[in-house]
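Both of the next two complexes hold subunit A, though its partner changes from subunit B to subunit C.
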Partner chain A sequence: MEPSATRVISPTHGPSGRRRLRHDNLTAFLSVLPMIAFILAITVYPTLNALFHSFTKWDGIHVEFIGLDNYAQIAKDPRFWQLLLNTLIYVSTVPVQILIALFIMVLLYEKLPGWRFFRSLFYLPNVLSPIIIGLIFRQAFMWEGPINAFFKANHLNWLVLDWLSKGPTAMGVILIAIIWNNFGYGVVLFLAGATMIDPCVFEAALLDGANWFQKTFRIFLPLLGRVIAFFSVTTIIWIFTGLFGLIFAITKGGPGYDTTTLEYMIYLNAFKAGGKMGYACALAVYLFVITFGISRISMLVTDRSDR
Partner chain B sequence: MKRLSGLVLVLFLGGTLAVFGSGKKEGNTLKYWMIGNPTTEADQGKPADQWYVNQAVKRFEAKTGIKVEVSIFPDQSAFADKFKAAGIARNGPDVSGIWGGSVMFDNKDFILPLDPYFTADELSQIASINAFRYNYKPDGPLLGIPNAVSNDSLMLFYNKEIFRQAGISDAEIPTDVNSLAAACEKIKKIGVTPIAVGDQEGYYSAFMMLPLYASASGAQGIRDIVEGRNTFAQDADFVAAARVYQQMYSLGYTNPDVVSLNDSAGQTLFASGKAAMIVTGQWMIAAGYQLLGDKLGMTKWIALRPDAKYKGLMVGGPSQAACVTSYTKNPEQAIQFLKFLMSKEELVQCITVGNNSAGSTPFKVVPPDTFKDPFSRMLVDFNKNAPFSVFWLDNQLPQEVATELYRMSPLLLSSALTVDQYVAKMDEVMKRNILK
Partner chain C sequence: MRKIQNMKRRTKSLLVLLLTLVAVTTLLPMAYMLISSFRTMTEYIYSPLGFPSRFRLDNFISIASGYPLLRNFSNSLILSLVSLGLSLLVSVPAAYAFAHIPTRWGSTLYVATISLMMVPIMVTLIPRYIIFSKIGILDSRLSLYLSYTAGALPYTVFLLTVGFKAVPKELVESAKIDGAGYAQVVFNVIIPMGRATIITACILNFVSFWNELVQAMMFTSNEKLKTITVLVSTMGGRYVSNMPLILTGLLIASIPMIVVYVFFQRYIVEGITMGASK
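Take a look at the complex of A and B:
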């Protein structure tokens, strides 16, 4: 006996269906409304507030509209270009982080003995507070710190320096701290990306006679392109906007302004320079535009290379 | 429908909680913020209930029924940031400590002027009250009263044992640049660091360089620069002081890590006997005596030249103020607390319990012989016999200029900047901040 054809009525078709759909949509909207309101309050409102005050002379209480004066002053300030250069130097760690993270990821992917332990170990610096990492590096590279003690003990006295007292060496310490802090994030990200690659691809390569190097560099890494691009963009944004804790703990932006970033300069102007909050807001807008521009360009380049 | 009603109810409750649930407890509770260690270094070894401030609060609460909630902020350099942020958000204290000078002036919009709450007689009991008037003007609004029972004094501390080993007699204790150089050379010969400097924050320019300048120019020099009648580059005494300061590092008279070592680490370097001298405030006495005992020596900081016009001057004064915030909901109670702290009974308690060392106090009601320890006796003599005294010079600079001074100080000291480059940078910032 054949089953009778049953007409399936879609739950969203017809007048009652449309009513139900509207009802469901309203319920969904009201469910997320509190969180949307919260996010708007803590992101959009401060952003618009900062944008408004960037056109003013503002000490936290008194507001005086001055148009583009803050922006003009910033562009004319030679320190601005030095801070931008400092930040770009920190951005130069991104390729190094990628290389280190990829190398470790390849080893972990092979599931060598203890790989789960090492995966956690390499990710550990990423979960530590930047202040903690900064203090560790500061103590390590102090004149009387363990790094100099190691060099002295091994008769490498020419390497015994006051690492944090000169701009180039202080910056070097921060570069190492940045790489150490963030490469674990790359390892975990790349590993996740790698596990999503269909193993059949590698089996096919093996059948075609590909060796380990060919498998890794001609198949594996290109397939991770999108993940690598994502890591690059998020790390660049982090370097532009998230280094305050590290720099505050290690050098406080010194000596002078040699390790200061644009982000750190916002803090200095808002709190240390006689309350130039309007100027600090303008710096923040500059930072937003630069960061947005760089991430946009990165995404365009990635999209183009994908095609 | 039921689901929708439930959702609306949840939203309403959530909104109500958000708006009203965070309400502060008002009424008889004052919030009091203190900077740095609770009152004095001596308190650090005692349990909290024996600290002067906690005992004082208990007495105040018993007397008035007004509760006081004390918060202590050990990080002094970050305190100004916190005070300003709290002021903007209007969620700060009722009564607070605050550094005098540019920090206080920069935050004047968050501070309640005190003139309407104090009688002329009450204010006459405080020496140097104009130190806490806006821009130091006698008719400027009074922004605070001294928050410490003692005036801070800049001193040169030395290790008597190291001096003895280096062959420096009492007559050779440094009084000017020449005798300091001679002493440092002797100390270097025995393999000890002559002067401990921890200049990461840049304070040592204020401790060492600016007083050298003041020994030649007095109090007027810095006022002329701040008010636009002179510049750093054109002031020969300032340039000379900057040059001497720079030479202290280049001649090897300081520890090599002056730029990366912070102030408290520099004090530790001296107090642990690894350096022969340090230039800092009299707050060094407690920690120094605890670690060095009778080896601790103290004298005035040196003059720029043997024949400097103001040689022997004392630098210091009331550094920290107690203020009432302009947004407090309890101004009368806050003032009541301030007046309680500046009463004679409490001031004497603060000295005897807290074991402050000082040579002078801004409060005239405190008898001079209240300070009994030997170092206080020395400070009393120094202050009495000083030909001249001048308020902390960095406190007299506009805050942006003071911040730049601190920032550039390590670069000057380590010769990363020449003296000409340094004064040029200072003048560039000063041009934007001339006080009228």
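Take a look at the complex of A and C:
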């Protein structure tokens, strides 16, 4: 602080050492200031605001403090557990996605002719808007849509169903849409991970006469552990927090609440069901805690496996 | 020996066949969208599967005359570009500070910032809606600029900090010794050297801004501000029975992203793998 103190602390650099540090501090602070302002005003404050309102009855205007009532009510509501179950069913596509992506990755890794084209193609659905993807799938599975027409034409009449009007089949359509939408992300990640594996490993394996199957499950699967874990975690979090567009387009959560996720329920409560915003905020806090928990656990697991 | 090679060739061609099958499955919905957009409603009702009897652009014409498509496209474009500019303006200096200005609090703030990626949009959506309506910016582009930028910041700052860290410290230091000020270091050293990362961040953000639905839907209700995704989300209701028309709308709406993807996929691939390697 005082000039004399500076001299004592950094005798070699003279007073400029301390001043430089203080100057650095100020420059850094001014550099991050706009970011801090943005984040505090538009992300952190609303998050705390949602937390606060989760303890209230709130329609956007009138606030009434009701303690933990929202949380208790949600936990007691069988529908809440159904929403979680629905989400878990969507999460069950993750192993399927991993298998498909792994399979394709192994093929592309061999640098088959046109592998670049295939890689691009498989990732393409990821850049399309979920609302567009969802509406294509909705349209395809409608009663008078092309899927049923295809089954009819091939005399598979038992498969001609009103897909979107029954819970299990509507969910099936969303499951297919999720896989179609996201597996290319796995292909790109796994391929990037595989190129970092030492090629010697494969030469050794080939000399030992490893076949395609062994190569996939004995070499790639273990060596790509980290990448596969990353893919799983980001995809699971996406399923918990990013399915709004697909569900909105395909089923609007229906029939009933058969395909609704926790995330979609927040939207329904806040903006559709007469503005139960306090309740929706409590749902949002549940969602936040769940996704935060998933990422924490995954961090612990990957940290441990690194050691 | 030959037998083994034959077998290998056979498995290989089988695998290629499977690969092609997955590729066809991936392409099918898009190809279907394209083919159906040239068909008429009557053709579709007669058979939802099939090719157009002749090449015609009727659907494209009715979409273009039934909707102010140009306005929707320009809304999406303005929204994406302004939010993109704003997020760069805010995150480039921050990432520069995190990467090259050593402070005692820097790394803590950095971790806190990127951990905000974990906040689901549904958590902040309701308070944002109320706050924006209280300060009177609901139903304006400003509300979306602010929330898109805030939403993009954690990942953008993360990408840019990683990218800027790859710029050699010596280069920054020697520029400073040569008397370069803050702006000169940022514009003459950091931005040119970190160009690839900046482009990557821009492309990823552009795609997510363009595709965003729930905030655009909630924060704006004015017809004049509708983005292309919001327009598409309402199409199903208006043309319940005219499927080829809806598919044409979907096709038109997906063209910009396909074009962006074709030209910039290198950056997209780089951006998403950067997340995994860190």
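Keep in mind that, in the parts below, the second predicted complex is superposed on the first by the 261 of 307 C-alpha atoms of A that agree within 3 Å, B and C clash if a C-alpha of one lies under 4 Å from a C-alpha of the other, contacts with A are read in each partner's own complex, and residues count from 1 in each chain.
Everything that follows uses one rule, which is that a contact is a pair of C-beta atoms (placed from the backbone, for glycine too) under 8 Å apart; a residue touches a chain by one contact, two chains touch by 3 or more.
Here the structure is a predicted model, which means the values were calculated and not measured.
Engineer: Scan A:204 for contacts with subunit B and subunit C and give back first, second, both or neither.
Structural biologist: neither
Engineer: With both complexes superposed on chain A, which partner does A:143 reach: first (subunit B), second (subunit C), both or neither?
Structural biologist: First partner only, subunit B.
Engineer: Per the contact definition in the header, classify A:284: touching subunit B only (first), subunit C only (second), both, or neither.
Structural biologist: So A:284 only meets subunit C here.
Engineer: Between subunit B (first) and subunit C (second), which does A:156 come into contact with in this model arrangement: first, second, both, or neither?
Structural biologist: Neither: A:156 stays clear of subunit B and subunit C.
Engineer: What is the contact status of A:295 with respect to subunit B (first) and subunit C (second): first, second, both, or neither?
Structural biologist: second
Engineer: Now for A:27: first (subunit B), second (subunit C), both, or neither, which partner does it touch?
Structural biologist: After superposing on A, A:27 lies in contact with both subunit B and subunit C.
Engineer: In the superposed arrangement, does A:256 touch subunit B (first), subunit C (second), both or neither?
Structural biologist: The first partner, subunit B, only.
Engineer: Given the touch rule stated above, what does A:165 touch, subunit B (first), subunit C (second), both, or neither?
Structural biologist: A:165 sits against subunit B, while subunit C stays out of touch.
Engineer: Would you mind checking which one, subunit B or subunit C, touches more residues on subunit A?
Structural biologist: C
Engineer: So subunit A touches subunit B in one structure and subunit C in the other; where do those two contact lists coincide?
Structural biologist: Residues 27, 30-31, 34, 60, 142, 144, 271, which sit in both footprints.
Engineer: Could you list, by residue number, the parts of subunit C that touch subunit A in their complex?
Structural biologist: 11, 15-16, 18-19, 22-23, 25-27, 29-30, 32-33, 45, 47-49, 89-91, 93-94, 96-98, 101-103, 106, 109, 113, 116, 118-131, 146-147, 149-151, 153-154, 157, 182, 207, 210-211, 213-214, 218, 229, 232-233, 235-236, 243, 246-247, 250, 253-254, 257-258, 260-262, 265, 268-269, 272-273, 275-277
Engineer: For the complex, which residues does subunit A have touching subunit C?
Structural biologist: On the subunit A side, the touching residues are 24-25, 27-32, 34-36, 38-39, 41-47, 49-50, 53, 60, 100, 103-104, 107-108, 112, 118-125, 127-133, 135-140, 142, 144-146, 148-150, 153, 180, 184-185, 188-189, 192-193, 212, 227, 230-231, 234, 237, 240-241, 244-245, 248-249, 263, 266-267, 270-271, 277, 280-281, 284-285, 287-288, 291-292, 295.
Engineer: What does subunit A use to touch subunit B in their complex?
Structural biologist: By the definition above, subunit A touches subunit B via 23, 26-27, 30-31, 33-34, 59-62, 142-144, 162-167, 170, 251-252, 254-257, 268, 271-276.
Engineer: Which of the residues in subunit B end up touching subunit A in this complex?
Structural biologist: 3-4, 7-8, 11, 14, 80-81, 84-85, 87-88, 102, 106-107, 109-110, 200-201, 255-261, 398-400, 403, 407-408, 410-411, 414, 416-417, 433
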